[in-house]
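Order of writing sets the chain letters: A, B, C, D, E, F, G, H, I and J. Residues in each chain are counted from 1.
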Amino acid sequence: MEYLVRMRVDLPSDLDPDFVATLLEQEREYSHHWQRTGKWTGLWRIVGEWANYSVFDVEDNDELHQILSGLPLFPYLEISVTPLAAHPSWLGDSEPEARG
Amino acid sequence: MEYLVRMRVDLPSDLDPDFVATLLEQEREYSHHWQRTGKWTGLWRIVGEWANYSVFDVEDNDELHQILSGLPLFPYLEISVTPLAAHPSWLGDSEPEARG
Amino acid sequence: MEYLVRMRVDLPSDLDPDFVATLLEQEREYSHHWQRTGKWTGLWRIVGEWANYSVFDVEDNDELHQILSGLPLFPYLEISVTPLAAHPSWLGDSEPEARG
Amino acid sequence: MEYLVRMRVDLPSDLDPDFVATLLEQEREYSHHWQRTGKWTGLWRIVGEWANYSVFDVEDNDELHQILSGLPLFPYLEISVTPLAAHPSWLGDSEPEARG
Amino acid sequence: MEYLVRMRVDLPSDLDPDFVATLLEQEREYSHHWQRTGKWTGLWRIVGEWANYSVFDVEDNDELHQILSGLPLFPYLEISVTPLAAHPSWLGDSEPEARG
Amino acid sequence: MEYLVRMRVDLPSDLDPDFVATLLEQEREYSHHWQRTGKWTGLWRIVGEWANYSVFDVEDNDELHQILSGLPLFPYLEISVTPLAAHPSWLGDSEPEARG
Amino acid sequence: MEYLVRMRVDLPSDLDPDFVATLLEQEREYSHHWQRTGKWTGLWRIVGEWANYSVFDVEDNDELHQILSGLPLFPYLEISVTPLAAHPSWLGDSEPEARG
Amino acid sequence: MEYLVRMRVDLPSDLDPDFVATLLEQEREYSHHWQRTGKWTGLWRIVGEWANYSVFDVEDNDELHQILSGLPLFPYLEISVTPLAAHPSWLGDSEPEARG
Amino acid sequence: MEYLVRMRVDLPSDLDPDFVATLLEQEREYSHHWQRTGKWTGLWRIVGEWANYSVFDVEDNDELHQILSGLPLFPYLEISVTPLAAHPSWLGDSEPEARG
Amino acid sequence: MEYLVRMRVDLPSDLDPDFVATLLEQEREYSHHWQRTGKWTGLWRIVGEWANYSVFDVEDNDELHQILSGLPLFPYLEISVTPLAAHPSWLGDSEPEARG
């Protein structure tokens, strides 16, 4: 089951730079972990912003909330979630050459 | 180069039903065409709305505008476009099992 | 899996009154059907508006979209969906007297 | 008489962590208390946010304000309240099996 | 129990003028009726708009919804409702001279 | 001449508690003073918020601004003002029993 | 007593052109009348819009509402009103040369 | 060439009171200076807010920006600018008695 | 003197197609005319929308309003105007190679 | 490929003035660098705001993000990006005299 998630980072300007560096390293590892499980299936930078759009493919609402609220940056993120359903015109995830 | 696109359908209530049916069939074929070219790479229904989120992977802004403005439903669509860039934490599109 | 759904009815003022009456009767039956299945678990009128808040308990995003897009009034509804997760402070749905 | 309430937590980032921990423990107990009285009748986490939707069933506007303004987290909450009325299509709170 | 209600009139421009005149006369009588019962306790024109702010003093949410949804102009009104509670600094409704 | 005024209190979280207590006591006295003059003619708490709706009956815009800008909490208030006019359907402020 | 008023014209596209021409001529005469009384003291076109900003200097809220609701275009106007007070830094309306 | 300008003051609560007092005195003198040149031609307090509406009559966009960005309070102001054009119904700035 | 202008086309769906075609041809010629005078100095399509961003370099606010309100599509345009000033970091319009 | 970019500066009021001066000098040099490469092709101050509108002509979304996220002021900027496409009515960038 898929969701589109928008995350915007809003760090207070007075955080300790070492703390921030550690946080960002943890965030990257956390993201890598969930990408490898096949649950964080899309991740793009929004041009010009410290923000991303992500796609998650999870079991249910609870699992999504646990992944998102576990993000090391969670206290500093503004997150919005859009639940997605199958679109009747979608041909599927096979390779484009094979769709003809 | 990728973009996230949100499309919402807003058909006037007095359109001829046959005209609408033709339009929707053309829209589906048009979408299939661009999926097969590998340029319309994601398509999801937004739950509860006559709307979708799509991902496009195109040459440039002009190509995206030509695809979007060619949609049979274009006169009845409210469209917003977000340009996307590579995210430094993204592991890539290889299969999740192969990412470890 | 639960969702909060807000629905606002926005009927064009030039619809045929008999058509509207039929639609509203169908809407009521449709709502009763899904309440009886245990999937439409909450339904309240928003004071002063032709609108409601509903709670749905369904299998997944797709099932919710199928129920909502099947509403007889769907073409005239403005719908927004909020996915809900378990709250750690919630004692559960047992009777309040039994919670102590 | 029922109300839908949305609460979003917005803690200043420089609060003492022990103070926050105490506050959150008091908040949980306060919520449990009002759930046991049968007045706080619904509580859900909003996916991806430090926020909840709640349903309250109270005597009147004054009682609701007293419960909400007594929340230990009240100074740090953004709250919005929607008064709810009975919906004519609602079958009631009997068990779904019994509704047929 | 009191509520602040904002009502804005939005009549379609193609309504029959006689129908509108009848509606407005019914609206005035309906308003007079609820003022005489002591339930519609305040009514002001918003300067420059076809809109009003009203105060209602009713039994509960259901009664307020029944009064509002019974307004002859209800299908053409945009209504928002704010529940009000007693303010601790309010001296009460006795005459101002008597408050000293 | 009447106005509807909405005031929301937004105190910085690092204010000295004694200073805040003094401010709130002064605010209450200031409010009582203007109620006794018959110029602050309505005051309600907005349910769930540290905010109020008030009605003022003053000589002109200048007098209203002087009363509002003199509020001890003024530097911490977000205020919006709506000018009100007589409504043609209003029966007046006589007692409801006497309106028949 | 002064007010800033913003008016935006929103004519339905299916109005009879002769009716519109008559309306616009009446609007101009109505505006001239109130300018000559010294009550409509400022009038500017907003660049790029069919809209204006105006300043009115009237007795009270009721007089302003009567002038605005009497505008021939009133049914087709979106109006917002901001009450203005004297500014302590304003030198007054004497000629600039005389202000030194 | 005229512009309507809205300015809202938003001073951080931790500024030194003497610094603020000096700033406000400088602001008043700066405003007086530009009023005397005939370029700051209108200035009103917005009722209930620490904000003003102003009219400027300047050579061009650059001159307006230089005046506004030179305001002593500029770092603490939220400013919005609306360019104004002549309105065809405006009778001009001669005295109202002379307009007949 | 320059301005950024955003124009969005919003044609009623029931306009006669021949009328629309004529209008669009006139619009193109009108745009060409003002480009040739050197006053309409920039024009871009907004990707995915029937809308454009334009830059105008004109004498004053009045001239800009006359150009914009003379657009054949003006009755069907939603226009917003932002006045622009010289930026101190701008190197000017000489060719980039010559800027070093 | 072109983009319209809006940047608003929002510096925390407690930054060290020397640090700010250095940052602004770096920002100017950075802007000059990208103007000389022919990629930052337009830059205007928004009248009355510490903000600018810019036009960029770059290879793709990634290059634009790298330029923007490399701005010395980036942590203090609120940025929004609009992708632009060729407009069919645009005559091109030759000198206006040559367009006839």
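Keep this in mind: contacts are C-beta pairs under 8 Å (C-beta built on N, C-alpha and C of every residue); 3 or more make two chains touch, one makes a residue touch a chain.
Worth saying up front: this structure is predicted, and the values here are computed from it rather than measured.
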Quiz item: By label order, what chains touch chain I and chain J together?
Solution: B, H
Practice problem: Quote the value, from 0 to 180 degrees and to the nearest 5, of the angle by which the CA atoms of chain A must be rotated to coincide with those of chain H. | Solution: 145
Exercise. Scan A-B, E-G or I-J for the interface that duplicates D-F, counting it as a duplicate when over half of the contact pairs agree by residue number.
Key: E-G
Self-check item: Result of counting contacting C-beta pairs for A-D and B-J, higher pair
Solution: B-J
Quiz item: For chain C and chain I, what's the span in angstrom between their mean Cα positions?
Solution: 46
Quiz item: How far is the middle of chain H from the middle of chain I, if each middle is the mean of its Cα atoms, in Å?
Solution: 29
Self-check item: chain D, residues touching no fewer than two other chains
Solution: 2-3, 45, 47, 61, 64-65, 81, 83-86
Self-check item: Pairs of chains satisfying the touch condition
Solution: A-B, A-C, A-D, A-J, B-C, B-I, B-J, C-D, C-E, D-E, D-F, E-F, E-G, F-G, F-H, G-H, G-I, H-I, H-J, I-J
Exercise. Provide the residue numbers of chain I that touch chain G in the complex, in ascending order.
Key: 3, 5, 12, 15, 61, 64-65, 68-69, 75, 79-81
Practice problem: Note which residues of chain D are touching chain E in the complex, please. | Solution: 1-3, 60-62, 64-66, 81, 83-86
Exercise. Spell out the residues on chain A that touch chain J in their complex, using ranges where they run on.
Key: 13, 45, 47-50
Exercise. Write out the stretch or stretches of chain J touching chain I in their complex.
Key: 2, 4, 27-28, 31-32, 35-38, 42-47, 52-53, 55, 82-91, 96-97, 99-100
